[in-house]
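Given below, in the form of structure tokens, are the structures.
Look at the two complexes coming up: chain A is in both, with chain B in one and chain C in the other.
So, the complex of A and B:
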């Protein structure tokens, strides 16, 4: 069972906001279709980048993510929620969030529950690191906003947390205004970020 | 923006004094309602049950000593 909400994305070519749909509770078919659209596009562009001599550090670090496998691994658990952002009949972004068992590590909030974003990705044709003219902007922002709303519904006051891939560190730090708690040795040394209730209010403004 | 996929149903819960105190304490520590505590607990319990039914075990590991202790599920 899923909930669909109207949201907007920025069509970068026309510069206008276009209607999109945030889907909370994706079906297996939704995820399979997204994966079938994304993977060939991503593989082709990564191959081109490799052939052009682009260093490995510049290749998309999430290129190995398989969303169908993530769906299969989590679909039976109540504590996982998978969101999709659909526009013009294609999935423009996906997010897997965890709604129990994670607590804030910020001193003033320590021990208080938060929504943990396990995975968040925009469709490959929306990534400036892959294509010269990305199709839509705001994909990540809409998904982060969805995580904040989920956190509020769960009475977590907008608190969210995540481990970021290095290529996304600056986006979470600067665009989202999250607190950078530094590298986490327990999660591949990825930097851990958190958003406090105040930062969440600021982000939604 | 709306999240939340299902309508909610109400139930009455009978707890002992000790159980109610534990629930009150968790509600205060976590700064969420007692309903939210129980929803959290249910989600975690459901995950644990599914994984144990697959033959997995649940351990706690001490952050410093790395000592592991198995949590017995009855």
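So, the complex of A and C:
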């Protein structure tokens, strides 16, 4: 069963907030539609970038992700929660969160449970690495806020953790104010970030 | 989950949001799942009856409660869980409780959350010895009002096993 919360995104062109919906508990149809909208757009733009000689390191690093596969792999597990951020009849962002089995690595919080953001991504038309003028901003902020709320609902006091793709490291470190615990050799050497209860309060303030 | 974000908060965040990428996660879902620290964890079904559920969880809760001389509503209050779910856990030995309920009970009992999650059917751990111990424990305990000597010993041994790192 899914629940829907009314939220807003910022339309970059007009500079105004527009109505959006945060969906907790996506259906297969929601994910299939998102994948059908995202993939052709992403493939076309990546192809253009490759033809223009853009180096591989500048291409979107999650271009091979398949959200339907992620949905299929996790849909039967209650410990996984898939969120979608819908605006103007299209999915603007997706997030897969895990609510058990992960504990804090920060010394002062060590061993305390957290919500682990397994995957988080914005629609390709919202990515500055693909288009010069992204359509909506706030996609990441709303999804991170959702993960914090989920953590609070689970009584984890807002603790969240994630492995960031390199192009997003600065956003999690500076804009979200998360603690950077450095590269994790067990997870493709991606940097591991955590948000403490205090950082979560600050983020939501 | 319901969420409410004010327009003021959103506008404040929008001012901070440059044109950053926000992607998190790895290329390979299975690889990431297998990389959990210390042990390889795989979440399994929740809430309804599942083939992974284990009667030992309900028995453990039942015996622990009776050993402490608590009524079902008293344990529910102590652990801050729903009394009807606790009733279901003890009554239906194949019921798989919500992860939060398992966390709360593990905290109340002072036992490993991970082992309790596994025992409750919320998580499977590859190459675990818990399964055999749980079956042994479940087979030795009876559902009676007062703990027999054997039940008491079985509970003590099983709690000791669950407490081991």
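Here is the rule we use: the second predicted complex is superposed on the first by the 205 of 205 C-alpha atoms of A that agree within 3 Å, B and C clash if a C-alpha of one lies under 4 Å from a C-alpha of the other, contacts with A are read in each partner's own complex, and residues count from 1 in each chain.
The rule is short, and it goes like this: contacts are C-beta pairs under 8 Å (C-beta built on N, C-alpha and C of every residue); 3 or more make two chains touch, one makes a residue touch a chain.
Small disclaimer: the values here were computed from a predicted structure and weren't measured.
Visitor: Is this a clash or a fit when chain B and chain C both end up on chain A?
Guide: Chain B/chain C on chain A - steric clash.
Visitor: Quick check for you: in the superposed arrangement, does A:99 touch first (chain B), second (chain C), both or neither?
Guide: Both partners, chain B and chain C.
Visitor: Of the partners chain B and chain C, which touch A:155 in the superposed model: first, second, both, neither?
Guide: both
Visitor: State whether A:69 touches chain B only (first), chain C only (second), both chains, or neither.
Guide: So A:69 only meets chain C here.
Visitor: Looking at A:192, would you say it contacts chain B, chain C, both, or neither? Reply first, second, both or neither.
Guide: In the superposition, A:192 contacts neither chain B nor chain C.
Visitor: Is A:146 in contact with chain B, with chain C, with both, or with neither (first, second, both, neither)?
Guide: both
Visitor: Spot which of chain B and chain C makes contact with more residues of chain A, would you?
Guide: Counted on chain A, the partner with more touching residues turns out to be C.
Visitor: State whether A:121 touches chain B only (first), chain C only (second), both chains, or neither.
Guide: A:121 contacts chain C only, not chain B.
Visitor: Quick one: classify A:38 as touching chain B (first), chain C (second), both or neither.
Guide: neither
Visitor: Just chain B (first), just chain C (second), both, or neither: which does A:1 touch?
Guide: The first partner, chain B, only.
Visitor: I'd like to know which partner A:172 touches here: chain B for first, chain C for second, both or neither.
Guide: The second partner, chain C, only.
Visitor: Hey, what residues of chain A end up touching chain B and chain C alike?
Guide: Shared contact residues on chain A (touching chain B in one complex, chain C in the other): 3, 5, 7, 22, 24, 76-79, 81, 99-101, 113, 142, 145-146, 149-150, 153-155.
Visitor: Which bits of chain B are touching chain A when the two form their complex?
Guide: That would be residues 1-6, 29-33, 36, 39-40, 42-44, 46-47, 50 of chain B.
Visitor: Please give the residue numbers of chain A that touch chain B in the complex, ascending.
Guide: 1-3, 5, 7, 22, 24-25, 76-79, 81, 83, 99-101, 111-113, 142, 145-146, 149-150, 153-157
Visitor: Under the stated contact criterion, what part of chain C meets chain A in this complex?
Guide: Those in contact with chain A are residues 1-5, 7, 9-11, 13-14, 16-27, 29-32, 35-37, 41, 43-47, 98-100, 103, 113-114, 117, 122-123.
Visitor: Which positions of chain A touch chain C when the two form their complex?
Guide: Residue positions touching the partner: 3, 5, 7-8, 10, 17, 22, 24, 60-62, 64-65, 69-70, 73-74, 76-81, 93, 96, 98-102, 113, 117-122, 127-129, 134, 137-143, 145-146, 149-150, 153-155, 162-165, 167-168, 170-172, 175, 186-188, 190, 204.
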